[in-house]
Structure formats: structure tokens, C-alpha cells
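Presented sequentially are two complexes of chain A, the first with chain B as partner and the second with chain C.
Entry: the complex of A and B
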């Protein structure tokens, strides 16, 4: 299926989902005015992708969000739940949650997601501070 | 107003307010406030994390205004097909007693006051762990009726604040009240 690429804007993240390399990335900030308008196509793509890939396909999901609002948090939870369901079915899905070494908030958010998604491999990875 | 403007500014200064906006609140405004905050906080050598915390309160409160304010104005003077509107409210950011705070206010319908007041009173009484737990549960379930988002905004703010949320409802007339809230970081 086609890759999904949505360029970063002032208040929405870069979304780059590659169905050939099986690497899914979300990077930047997320606080769109209309959360469903932005994320419905993203969730639809994930749905279709998860149905299409084979039983034990490896998938890497890289998330690096400097800031995201409460609406985005709900969408991320929905996304992770979908990925968790796929992981339970046997697909090898791994989440990499990147956080800046000085950004305790991002680390805390990542930790909270990880705690709630017991069946989904979820790694918190520190990034060195960029100049 | 011209001769009173100094008194108005002085009053804001006295309250510790260094940024104040009253009018149509838009997404682009949020971006501008974000830049202003980051610049201001850099000047005061506040930790970058504080800027993110303050910004996150501004976003949640401003987006509440955008979604729920009962006072609107047309986006431009031409009648568009989508009839887009901007929401009207007031936002202020300040510094007092070594803490940053965010104030915001907007008009709401009287019929919505009860529900909102009950929700906020409940949040005021919770401690950090209870708020975290409530946040997790609310994040799993869907938004309530009439919600334009996840219904998590106030819980998120209460969770991040260093003190319980303060709020006030002031009746304007038979149809509307003015809702204002304050979060302290």
C-alpha cells in the first residue's frame, strides 16, 4: 500500500509511515485545532496497514514529540492500543519513545504509556540535547 | 480609554501579568504566545521545561476557548460557505510568588454551567495520584457528549498544576455566564 507522509506544520507533527521498510515515525509537536481532522487519516492508514502485513512482520514505531496536547494524548493511546492488539496477534511491533535528556515531561508521558500497554514492547530512549 | 490605558497597564503589572490578549482566539495566536513565552522565559533564565509546562497550560485553556466559547465573531468579513467563526475570550500569563500562572476566560451558556462547575469542583478536591488515575481512565474511554476533543483538558491542567485549579462563574444575563479559570505552574 502507499506510504503515508504528512509534512510537519507549526502545530502538527511529521508523520512518515513506510509500508516497505515497516518503519512508522511521528516527530515534532502536536496540538491541532481539530484533532479528528488530522488524525483520522492516520488511524485509518494504520488500520489498513495492520490488516495487510503478515502474521509475524516486524514493525518499528519511532515517536519523538516535544509537546502534545491532551487531545493528542488520547489519539496516541488509541494508536498504541491498535498496535498492542496487533502485537498480541503475533506481529513483532516495537515502540521507540524518544525524549530529550532535559525533557522530564516527555519521559514521564512515555513512562505512563508504557505502564498501560503491558503487551506492547515500549522502549524509552534518551536523545542527546540538540543545539 | 486613552487616558485610562496607563492605569490598565499598571493594574496588569501589579498582578504580575506580562502577557494579555482579549479578542478572537485562534490557533495562530497560540503559536505566537508560544514564541513570546519561550523568549520571555529565556530572558529570565527559566528552565526550558517551565516554558513547556506554561505553554501546555496556555494551549489547553486557549483550545477550550476555541472549542467552547459562546461568543463568536466571523473569520472574515465575507460570508464564506463554511461560515467559519473565531471564538472570543481572554488569556493572560503572569508571574507571581515565584510561580507562573495562566488565566483565561470566555462566555458560556448558562445551561452548561452546572455540569462544568461539578466537574471542576471534583478536580479541585483530588490529589496528584487521583488525578493521574482519572486521566488514565478518561483517556481510555471516549469523550462525553458535546465534547470536541478527548474531554481530558481540565484533568490534564489539574494534574500539571502546582495548586488546585481556581475558577469562577459570573452570570451575565438570562442566557450567558462568564467562566474564568486560573492555573498555577
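Entry: the complex of A and C
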């Protein structure tokens, strides 16, 4: 299946879903005016991807979001729920939630997601300041 | 001097009207006619030169001199003898044996061609007895190129010798004239036979005329005048074209003036005038001038033709051929300076004839190639050739002898020079015209390009104007629509603000408080509410999903739900209020769950301040309560449960938290607008830590100042970043 690559904009994050290496990435900020216009294709791709991959496929999901609004938060929850369902089916899905030590909001959100998603391996990873 | 003796005489009148002009130009004419005849493949090269315009038919042996007539052409009176061994002397001539060997001349001019022999010529002259007869007569030999002449006259029984020739310096001449002239003294009843011995390496041509001094002066007068005209014209053409060359720098002009000067020098040599006026003290040089200047002229004619006809372009082979002729010319020039100059003259004449043929062929080829300049070139050379032909025809007696036919060679060469000058001018003119034409076309093309560019620019301008007009129109429409929308939003703001509590009532209840409300747009999704009851008052901060108009609509829903709910007995129980609001919002937004199209809701934080018990009861739906007391900051996280979303659990029970009101305590309710705002050096959200540290630093300050500090901190953090969300911060103390 085709990879999904969406370039970063002021309101939307970079999306790079690689179906060959099975690494899915979302980085940047997310506060689009119309949340569905941006995220529908993303969710559709995930849906199709999860159906296509084998039962025990390893998938790494890297999330590094500096800021996202409450709508984006709800969409992310939807996305994680889909991944959690797949993980429950046996797929080896791991979430890496990257946050900067200076960004307590991101850490807090990550923590909240992890608490919600009991059946999804969800790691909070602090990143050092990049020069 | 005494009269000469011996010889037979008969009386004849010689009438020759044109002879005096012709004979002085004979050398040049002879040479050109010689070329022409060779061109026509006539095998008698010197025949043409033999013809004289007037022939006296009753030739006997003696010339009877008459002062009134004063001019006698001696050709038909003379007898001649070839001296092959060149060992006879004048004494041998008078001996019976040799005397009888003399042959009577039958031609007007004695001509023996190229020969190694010496020739003896004798003429018997007498003066009539009726005449005074005493005086000088002049014997002219009209061919200045003879090497050595001896005139023998018997004087007092002794043979007297007069010597001349072009091997001797000019100053030695008896009469200083470019032809050879001997003075002969006569007396009444005088009769004498004159002996002339001639030896030369060139053509052995001996045209003899006897003149009275008056007639000779007349002849020279006219001849000099005609020569003056001719040379004047040639020199004028030389200088004129030289100046043209200096101004236009066309090398064709240079070759042309070099050709003219070469031809002038050749003409001067041929006529003997060069010897007379220019190099009279150098017999060695004079004998070489004719072959030298012929080939020099030929050299420049070839060079000029090459350059003028652009032969290399039109016919490379003929161009090469002309180069070969030029090389030959140079070799012959060299040869002419050696003792073999006589041979060089013969070769030069043949060489020049073939060269002229090639020049004419080149001209014809260029004419065929439609090279315009070749036309005048050909006209010029054909004029010259026509002159040569006319002269030849006159020489053969086909055309009458008159001034025109006699001078035709001079006229022809002058015409050639003039026409070539014209053709040069024409060529320059043509080339200039062509250049002008090209320039005009170029200019025209440039103009057209310019016009096209201008047109394109015009079209572009018009298009831009049209587009701008369209843009302006649509901008006006947009502005109109925007104004319309803004007006309606401002009105919505009015409606929304009508729901907000009155500041007066809040002032009555709180000792101190502040409210920060910074909507991202005019209206927003944040709202705060305030209700007063008997035993206290309720304060709520609600953050609805979205901002702008959608958020504002949600605030209306939240506000009306809140106001309805707090009318019940649960007004002092924030947790119950939240639960009721959850149900109310869900039922108003999604009365039928199956067809719900949106998923909206809100976060909220509600405090009931019981003035009787001096406690604050707080319940939060994802909105915390912060309070600072005694430099301790406490944060009570609300429940992690939003209100009104589709997946919100209607059975969820929110938690109440009770805080006793101490004397020194400040409470803060805030939506995430301020903590989520990105900015700072790395574009991160402001964050909870930073916000809490700020509150800790300012909690004791007057609330107005606190508001100011928070706003300053926010603005400083945000800098040029866009505001991310609606901001509401509520602070109050007692």
C-alpha cells in the first residue's frame, strides 16, 4: 500500500506513515479549523493499514506534538483506540510519545492518553533540546 | 655649316594635315595597336605602324625643300641598307659596290622589326634655286627608343658625324626634345645626301620627318597642349582617387591609383617624355622603364581587378589565375632590370595580352553572376578595347584618319580611367545602398518588435486592469460579506455578553477579583457565569469546544443549561450541577443518537462559595482549581470527564472538593488558553509549571495588578505567535 505523507503546515502536523518500514510518525502542531478535513484521510489510512498488516506485525508509532487543540486531542484518542484494538488482536504496536522536558503540557497529555489506553504499549519519552 | 652635296632630286608637294599631331603620339599608339593585333592573331606585328595618313605617290629620289610647306615625311624618299656584320663605315657607303645595294623604301615609315643588324638610311635633299634657301632644317626621328643613331654629313669634303640615342645622357642632344632631332644647315641651290646609321636592341623603326623650324615649333606647340590635357587628366584622376582612398579606405581605390600612376609612368617612358623630363641622366634606367612599367601596370591591373570584382568570391580559379599573372609581372620586373631587358619587353607584351584576356573573362564571369560592379568594369575595358580596335581599323585604312581616330588610344585610356573611377564610386554607392537597405530592414524589424512588445504590454496591462477590476469587485464583495458577517458576530457578542454576570454584583460579593477574557475572535467558546444565592454564590468557568461562532453557540447552550439547573436545589453542589449539565447538553445536542453529526461538548470548573460556612466547594470537568495560601500553591484537578460529548458518560459522578476560606487565600479558575499558548524561545506551550510559578509570585498582590502581570507574561511569551485559543482566567480572594 502507498505511504501517506502530508507535509507540515502552520495548523497541521507532519504525517509520515511508512507501510514498508512500519513506522508511523506525527510531528508538529495540530489546531486545524476543520479537524475532519485533515484527519479523515489519516484515520482512513490507519484503518486500511491495520486491516492489511499481518496478525503479529510490529508497528512503531512516533508522536511528537508540541501543541494540539482539544479537537485534535479527541481525534488522537480515536486514533489510539484503533491502534489499541489492533494491539488487542495481537499486532505488536508501540506508541512512542515524545515530549520535551520544557513542555509539561505535552507530558501531561501523553500521560492522560497512557492512562486511558491500558492495553496499548505507550511510552513517554523525554527528548533533549535539539540544537 | 655649308650645304651638303651629292644625290638626285625631284619636286614633290607633301600635304599632311594631321601628321604633326599623330607622329608625336606614335610610340604609344604603335604599342597599343601592337597589342591589339596580337590579340587578333595577326602575324604582321608592325604593319599597323607603317601606315601614314597622307601618302605622296610620286616618289622619286629627291626631296625639294620649301620653307612655306616646311614639313616633309621622308619614308618614301629614303633608301636603306642592312649591315649585318656591322663593320661598314661611312666610306664604304659611298663606294660604287655598296652604294648600289641600297634599297628604295616603299613605306611611309621605315620599319625592320627586332634585329641585331645595323641599318643605313640615305635621303637626298635639295633646296630650289628660286628660294633664299639659307637656314636651318630639322631632321626628326620620331621614335625615341632607338639606342644609337649616327648622322653623316659631307662638309668641305669631310664626313661630319652627329651622334645621339637613348644610350646617351639627354643633355648631349643636339635639340633638347624627346624625339631625336638633328639640325641641318642649308643654302640656296644646295643639294646633299644624308646618311643615317641606326643600331638598336628594340624595334628598328625609323620614322623620318624634315621640318622647317617654324612648322616644328607649331607642331610642338599643339602636341604639348594635347599632352598637357592628357597628362593633366590622368594626374587629376590619380590625385582625385587617391584622396577618395584616403577618405573611404577602400583598398580597391588604392590599387586603382597605383594602376594610374604606373600607367602614367609607362606612357611617359613610351613617348620619351620621361627621358626628357624625369630621368634624362640615366640611360641605363630609361632603357628599362618601358618593360618595367608595362608589367608594373599589369601587376596593379590584376590586383585591382581581383579586389574590385571580388574575384575570390565570384570565381576562385580566375582569382588564382590573376595571382599567377601578378607573380609573373613581378618576375618580369626583375628581368627588366637585368641586361636582358629587351627580352623582358617582348615577354611582357605577350604576358600582358594574356593577362588582359583573363581580366576580361573574370569581369564577364562576375557579370554573369549578376555582380553589379562588374558592369561598369566591363564597359570601361570595352571602351578601351574599342579605342584600340578603332585605331587598328584606322591604321588599316578602313576608317578615315582624323583627330578622333588618331587620338583614340589616349581617349580610350582616359575613358578607361574615368569609367573605372565611376565604377568604383558606383560600387561604393551600391554597397552603401545595400547597407542602408539592410539597416532600414533592421530598423523596421526592430520597430516591429517594439510594436509587438508594446502591443503585448498593452494587452498585459489591459488584462491586469481587468483582473484587478475583477479582484477589486470580488474584494468589495468579500469586504461586504465580511462586514456583514462581522456585524452579525458583533450582534452575537452582544447577545453572548448579556448572559455574563454583571460586574456590579460580582464587586458586591468578592472582596477582590479579576477576570481575564481574551477571545481569539470577537466571540468565543469560553464563558464565565456567576449566580448569587442566600447562603453564597456560584462561579463557573466553562470552555466549550471550538471558538468563534461555533464556540459561542455552545456557550449559549451551556449558559442556558447552567442557569436552568442552578434554579434547582442542587445549586450548592457543583458536582451535581456538572452531572446535570452533562445530561442537558447531550440531550439538547443529540436528541437522537443515531443521526448525530457533530461531537461537541465542554470542560467546566464550578465553585460554590458558602459565605455562612466560609468554604469553597469545587467540582471540575477537566478544569482545575488553583488556590494559593501561605505561599503554598494547591491544584485540585477536576475529574477527567468532559461534558456533553457523545462518549461522555451520563452516569458519571463528579467529585466535590471542599476548601476552607482562610484569611489569606487566592483562588484561580482558568481555561487552558493561557497554558497552551505557544511561544517563548522554542515555541512551546506556556505550560502549567510556568503558570503556577507565576501565580505563586503574584498571589498576594492586588488583583488588578495580578491581572496585569498575567497579561504581561502572556504577551511576552506569545510574542508574534498567533493566539491559539480563547483565554479565561478568573481570580478571586476574600
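Heads up, the rule we're going with is that the second predicted complex is superposed on the first by the 130 of 131 C-alpha atoms of A that agree within 3 Å, B and C clash if a C-alpha of one lies under 4 Å from a C-alpha of the other, contacts with A are read in each partner's own complex, and residues count from 1 in each chain.
Just so it is clear, a contact is a pair of C-beta atoms (placed from the backbone, for glycine too) under 8 Å apart; a residue touches a chain by one contact, two chains touch by 3 or more.
Everything quoted here is computed from the prediction, not taken from an experiment.
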Room on chain A for both chain B and chain C (clash or fit): clash
Which of chain B and chain C A:62 touches, first, second, both or neither: neither
First (chain B), second (chain C), both or neither touched by A:112: both
Contacts of A:19 with chain B and chain C, given as first, second, both or neither: neither
Listed stretches 92-100, 272-280 or 668-676 of chain C, narrowed to the one that overlaps chain B: 668-676
Doubly contacted residues of chain A, that is, touched by chain B and again by chain C: 10, 31, 66-67, 69-71, 74, 102-105, 112
Complex interface listing, chain A residues touching chain B: 10-11, 31-33, 35, 66-67, 69-71, 73-75, 77, 102-105, 112, 116
Residue ranges of chain B in contact with chain A within the complex: 27-28, 30-31, 47-49, 52-53, 55-56, 59-60, 63, 66, 132, 136, 139-140, 143, 149-150, 152-153, 155-156
Touch list for chain A against partner chain C, complex: 10, 29, 31, 66-67, 69-71, 74, 100, 102-106, 108, 112, 129
Of chain C, residues touching chain A in the complex: 543, 545-546, 599, 603, 640, 645, 672, 675-676, 678, 682-685, 687-689, 722, 724-725
